[in-house]
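Order as written gives the chain letters A, B and C; numbering starts at 1 within each chain.
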């Protein structure tokens, strides 16, 4: 009898020991659990002896994991710490797909960053829940932001305050396969510039096999990728339509015929013109990259992969084809300060943000990561505007739109749903469009009602 | 039908099935041997086979550490689950006591809440007790499972009561009866339990990702998840190499353990 | 048995109370054993499992967007909202389809594979490994492969066109996508079911088969009167765990295989777990997600109890 309890007891003890062992590990670890950036910066502070005289302020910075971003931020932190002895920045990253879960788990536990990198479309929610504090106006005066940064940055201005500030932005442009252009007898150096040309070109670039199955798509077309952005922030405005009312409460897509016109134009690629198919080579990016789609509307963030993968064809970029007006979609990740931060930490966080928005950092951000500078004076330099690949993205920046999302994932799903209704359920584009406006308006009503 | 013919049919069916079972795996391995450029050529035999993706994983990550961490976690939880779940399953199957049904249903009901929804309270606990970023935090949720208790209960019920009573008559202590009489009877089920527990802990992703902070203590799936996917796209050749590396030890573990899905000692002296 | 106990006690002084006492000791020692063995597990389950579950249930009555420190109590509001939510109703329905087709598929085929494997004597280990391989293959990797197979211009449509059948939308079709996803899940779960059934078949004493053979039973007869009844606990386990697993695993599978990574097209593949996840971590509505979790919990509990009641047969040894 006793012996059997002994067994159980011993096991229980082992488990407890494991627990305690684990505990003591944390004690040692938690202070030093940083990424490479910090360990190297340790050297930086130790030779800047001045660190000894004042308290060392440590702030924590969060962003999602993307190799080149992590590398650059690590370098920047090192430089920042050298220039500001007494401030240490702890840099933490998570895989993009689990960013939300991580935030969700840590915030209720009272852990979390002092400076956080957020997609601009998520900012309203973070502001509403009181997670962020407004950027101090003495360090980031509004007139300065508004005169120096591109107007899209206003998407993160809520309740008269700026809550986050970006280093870099991205825009959509037309990617095209020069080899396929040449093959179809089109001039590889004069990409389509208007809506009509885009259709003409894509028809010329489409190939079908004997069974009338798509072999080469003139246009890649994927609403779930950049497609919904193309419609919402580019096509709609190009046709002369409007996005949101000034108070951001009303969806104005259907206030002019332009909205429906844009929606139909967009849907005509897979339907009327038959130059595109959803799910063709699994998605638009793969179809373009493998040379099965001749053109694609995609973001500046794709340049890096296309350069790395070096597909065996020549490609180029061009501003989005336009109708009556110019427009493109833009989006950005931006840094904000969380609400509990105050005193010396707040000063440090502000300094860090100011550092991340200097002209020099913006230029390096473009060189290393390929995202476009958020300030006009930096982006619109001749060396960038004339760049053979970045040029197309840069020149569109002044008229780029960043939709004010109240719920990024749901708004995206609604556009996809509208497309599905037309393509799969034979609903008329008019009806689907009307539903889309209605449902999106509901999300906005809901958002404003809860504020 | 002759015995010969029956076994020929069995083999034919099994071989046909094998093709379907193994094909995606083969594709995965083949993609892991391709260069980024060849990923989309979709041929089963890579044109320019390369170990470059594996080399990148070995060189650019803390692969060795993650591998060892994964082994530690999987082995410790498997031992704990095998012991406790078997014991609890045995007790529920073979004893009558107050609260038995409720305890069983309650334990089983723990399987009915998605892990995603337990992350926040678990993290709150971990943060309070200092379990964040260490082994204990990593493995505490998996030390016992409703799955194992249920599996072992079902198999323990198959043991004839007479066998256990006979042992009691012989003066064996209760724990000895469990250890010496009951366990050998359900050896196949215990082996199966070990396989599944090892596997699910080896592959565990979401909770480890949330509770771990330092790269040194990452498990393999967590570490590799940082590696190949981003906001907009995935590097499939690297993902496939990572998936292959993660799967190979499991295949080995299964290969070694599957032999034990055969009764250890034939103790059917009864009847 | 009681007599055995009395005969072994060697003090004849007060036979009656003594008898009762020694009986109690046997019972007591059993109880002692039961509860002392259950002590640690109960502590574990209460703290690590039940407490967090109750935490979630509590959130179900609150409005909480995770980021904010306040979680105001809103009563049944979340449940009302879910009841009126067509996507949630759709996810319930889909979950049911997942269970019905997925579980019957994997149990039947899994059992068939296990039986086939019992019939052969050579390469048993190799076949077991092969049939187990899908279970260890990463879902993300598998989904990618299947998306290539099933895409518009993929191999399968190629084949269909060649034999004169028009190409299908497959994952893009609101009618077909769910069954393709169920199919891949069944494919992946077969290894699991095979192992469970192999263990279950191994647990059937050979002598029952021998006895049946003496009675002149054929294969079908043996299967019906020996294998099935004696395998009953295993089948119950397979069905119950299969259902529960299917509900949970559907998450990764649906997210990786559905066209919009969120249960599309037109919510035709969304399951409750996927929806809970979206509510919690995409829309940050923890209250709604928790309420949906409670509903999921109750449904699964009901299904489980139903399955156990209907399927469990007592078999007399």
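Operating definition for what follows: a contact is a pair of C-beta atoms (placed from the backbone, for glycine too) under 8 Å apart; a residue touches a chain by one contact, two chains touch by 3 or more.
Since this is a predicted model, take the numbers as computed values, not measurements.
Trainee: Looking at A-C and A-B, which one has the bigger number of contacting C-beta pairs?
Mentor: By the number of C-beta pairs in contact, the winner is A-B.
Trainee: From the C-alpha centres, identify the chain that is farthest from chain C.
Mentor: A
Trainee: Where the centres are mean C-alpha positions, what is the separation of chain B from chain C, in Å?
Mentor: 15
Trainee: Round to the nearest whole Å and give the separation of the Cα centres of chain A and chain C.
Mentor: 38
Trainee: For chain A versus chain B, what separation do you get between their C-alpha means, in angstrom?
Mentor: A distance of 37 Å separates the two centres.
Trainee: At least two partner chains per residue is the criterion; list those residues in chain A.
Mentor: Each of 1, 4-5, 11, 101, 104, 108, 281 in chain A touches at least two other chains.
Trainee: Please list all residues of chain C that touch 2 or more other chains.
Mentor: Within chain C, residues 29, 33, 37, 40, 66, 148, 280-281, 286 contact more than one other chain.
Trainee: Residues of chain B touching 2+ other chains?
Mentor: Within chain B, the residues that touch at least two other chains are 116, 120, 124, 140, 143, 174-175.
Trainee: For the complex, give me every residue of chain B touching chain A.
Mentor: Touching chain A: residues 36-37, 40, 76, 80, 83, 116, 119-120, 123-124, 126-137, 139-140, 143, 173-176, 179, 206, 209-210, 213-215, 217, 225-226, 229-233 of chain B.
Trainee: In their shared complex, at which residues does chain B touch chain C?
Mentor: Of all residues in chain B, those touching chain C are 6-7, 10-11, 13-14, 17-18, 20-22, 24-25, 27-28, 42, 84, 87-88, 91, 95, 97, 103, 105-118, 120-122, 124-125, 140-141, 143-144, 146-147, 149-151, 154-155, 157-158, 160, 165, 168-169, 174-175, 185-186, 188-189, 191-192, 195-196, 199, 203, 236, 239-240, 243, 246-247, 250-251, 254-255, 258-259, 261-263, 268, 271.
Trainee: So in the complex, the part of chain C that touches chain A is made up of which residues?
Mentor: 29, 33, 36-37, 40, 65-69, 147-148, 151-153, 161, 167, 169, 171-174, 259-262, 264-266, 278, 280-284, 286
Trainee: Using the touch definition from the top, list the residues of chain A that touch chain B in their complex.
Mentor: 1, 3-5, 7, 11, 15, 18-19, 21-23, 25-27, 29-30, 33, 35, 64-66, 92-98, 101-102, 104-106, 108-111, 281, 285-286, 289-290, 299, 301-302, 305, 308-312
Trainee: Mind listing the chain A positions that touch chain C in their complex?
Mentor: Contacts found on chain A: 1, 4-5, 8, 11-12, 100-101, 103-104, 107-108, 125-126, 128-131, 211, 213-215, 224, 277-282, 407, 409-410, 413, 416-417, 420-421, 424-425.
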